[in-house]
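To keep things simple, chains are lettered A, B and C as they appear, and every chain counts its residues starting from 1.
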Amino acid sequence: MSSEKKPFKMPSTFPAMFGVLLIISLICGALLALTYASTKDAIASVEVQKTKAAFSVVLPGFDNDPLADRMESKTEAGVLLYPLKKGGELLGYAVATFTERGYAGRIELMVGIDRDGKITAYKETKAAETPGLGSNLASPDFKKQFMGIDPVSFKLEVKKDGGDVDAIAASTITSRAICDAINRAVRAWKETVDAEK
Amino acid sequence: MQKSDFFKGILRENPIFVLLLGMCPTLAVSSSATNGIGMGLAATVVLVASNVSISAVKALIPDQVRIPAYIVLIATFVTILEYLLHAYIPSLYESLGIFIPLIVVNCIILGRAEAFAARNKVLPSLVDGITMGLGFTIALTILGSIREILGAGAIFGMQILPKETNIIAFILAPGAFVTLGFLIAGAGMLKNAMDNRRKEAR
Amino acid sequence: MDIAYILSLTIGAMVVNNIVLVQFLGICPFLGVSKRTETALGMGAAVMFVMVLATLVTTVVYKAILDPLKLDFLSTMVFILVIAGLVQLVEIVLKKLSPGLYQALGVYLPLITTNCTILGVAILVIRKNMDLGPALVFALFTSVGFMLALFIFAGIRERLEFSKIPKSLQGAPISLITAGLLALAFMGFAGMVKTL
């Protein structure tokens, strides 16, 4: 493609450089603001859906709106407790807990604790940053051993540390992290239940 | 534009196996076939958007500030993609995690902007974006599949090999490096074979 | 903020979660620059400077401006512009102070801008909600880890030049396979740090 006249090219003078960058930044900033505003609601509902789905996994059969009754733990910073009721009667709590000791960082779990303080089940809600490593958390065999246990009698540490939990094969770190998260949930639950007495 | 230009991004100038661009996300995200495709497509979307827009406004950007200008545009597209994924494909958003914003520094995108979009018209830039993105996606998927099969005995989440055969190292860092190394070697051998056949045909 | 936390942060960042060999960031410069140990050190130092400074500026900007004003969606764009600016600065400074190093780093210097480690650390620090102090420590030791990985790798590659390598494995493939073995070695550090 040859042309007699050189095609236009904005010169590299200071005002031109500054002006073009400014205009581009403004247009892009506006585009981003627009995207943010239009996806805000969808994103909020995605997060709510995730939490709701977790409730159904750990303590199904509730009919209240746990999100409305959300409580923050006073002693365990960052832990949230959602009371799950059926027909006005308390079924138990879904506790949103976390651990920083995951193989690649922070892991968030939803743990179900029934009225008697027994653990019903847990669901991971946010796995580590590095893709692919989180798959270990979902091992059903590992999860099963937590179902229905009473934290008073069942020591929530991996067997290596003197507890009763069978670690996931070759994933002692992840197993320890999950114990850490569940212990945190149990402590928060105990504190809340004691406070209500 | 010859037919070969269409396919150059896929084998001859495959961004990962030949040009060695975009390494970071390649190694990290290719732990499974699904992640590979997801990242590949996400990056392709940004690549195409970036190539097209840069090609469209290239005359208006002074030469001295072209890199910062490209970066602002690319960052904008990546952020838009991030928010759209979070809202409408949350599962992909979760599995790609921090690597979505890191698409900004994916050398492929800046590389193609500099090497192609800045010097060509909009339509060829669009095609270039698609083929390069496709090559990237294919490479990521192949890498991801191999790592998933050897490391987890599955492909696209479907179990095909018993757990006992899993070599976890493949899902982790070492496996990524080694698999990619052999794949690049393989691609090189393939390219040499094709070149030799072409020479003999003349 | 006690000693144990700081220690776990430093060792964690430098070794256990080594940015190159465990977190997969910074591969491009890792493969490209690490042919000589001196260049590796120079690159490592440049990255260290940019990373700590970038983390400082981006964290401050985020906490003081972006977050309070709910302008999160501008983070990526702002961060990368800060990084690009800092790299320009480093280029200018290096040209004046150490032209030899400037030449040796060549095209890889401006490529620090697209170095995933720097943007990666800036974003990680925000996602993990770190305070400024720990964030800077984290950035410093992450870059030390980067330099460490680069240095070891360069040393190995210097030796590799005397070995007979099959033709198809020469160049990138053997580098990657070596990196894989190095990553395997670093896996041994996993679990060394009982964080928090």
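The rule we apply is simple: a residue touches a chain if its C-beta (ideal position, glycine included) is under 8 Å from a C-beta of that chain, and two chains touch if they have at least 3 such contacts.
Quick caveat, the model's predicted, so the values are computed rather than measured.
Considering only which chains touch which, label the overall pattern as line, ring, star, complete or other.
complete
Name whichever of A-B and A-C has more C-beta pairs touching across its two chains.
A-B
Taking the mean of the CA coordinates per chain, how far is chain B from chain C in Å?
The mean C-alpha positions of chain B and chain C differ by 22 Å.
List the centre-to-centre spacing of chain A and chain B in whole Å, with centres computed as mean CA coordinates.
Taking the mean C-alpha position of each chain, the two centres sit 29 Å apart.
Residue numbers in chain B touching 2 or more other chains?
Each of 28, 68, 72, 75-76, 79, 83, 98, 172 in chain B touches at least two other chains.
Could you list which residues of chain A touch at least two other chains?
Residue numbers touching two or more other chains: 25, 28, 32, 35-36, 129-130.
Chain C: which residues touch two or more other chains?
As it turns out, chain C has residues touching two or more other chains at 23-24, 73-74, 77, 124, 127.
Where on chain A is chain C touching in the complex?
On the chain A side, the touching residues are 25, 28-29, 32-33, 35-36, 100-101, 103-106, 129-130, 172-173.
Over in the complex, which chain B residues touch chain C? Could you list them?
20-21, 23-28, 67-68, 71-72, 75-76, 78-79, 82-83, 98, 101-102, 104-107, 110, 169, 172-178, 180-182, 184-186, 188-189, 192
Could you please specify the touching residues of chain C with respect to chain B in the complex?
Of all residues in chain C, those touching chain B are 21-28, 31, 73-77, 80-81, 84, 110-111, 113-116, 119-120, 123-124, 127, 168-169, 172-177, 179-181, 183-184, 186-187.
Quick one: in the complex, what on chain A touches chain B?
7-13, 16-17, 20-21, 24-25, 28, 31-32, 35-36, 39, 42-43, 46, 50, 126-127, 129-133, 135, 170
What residues on chain B touch chain A, complex-wise?
Against chain A, the touching part of chain B is residues 28-29, 31-32, 35, 59-65, 68-69, 72-73, 75-76, 79-80, 83-84, 86-88, 90, 94-99, 152, 168, 171-172.
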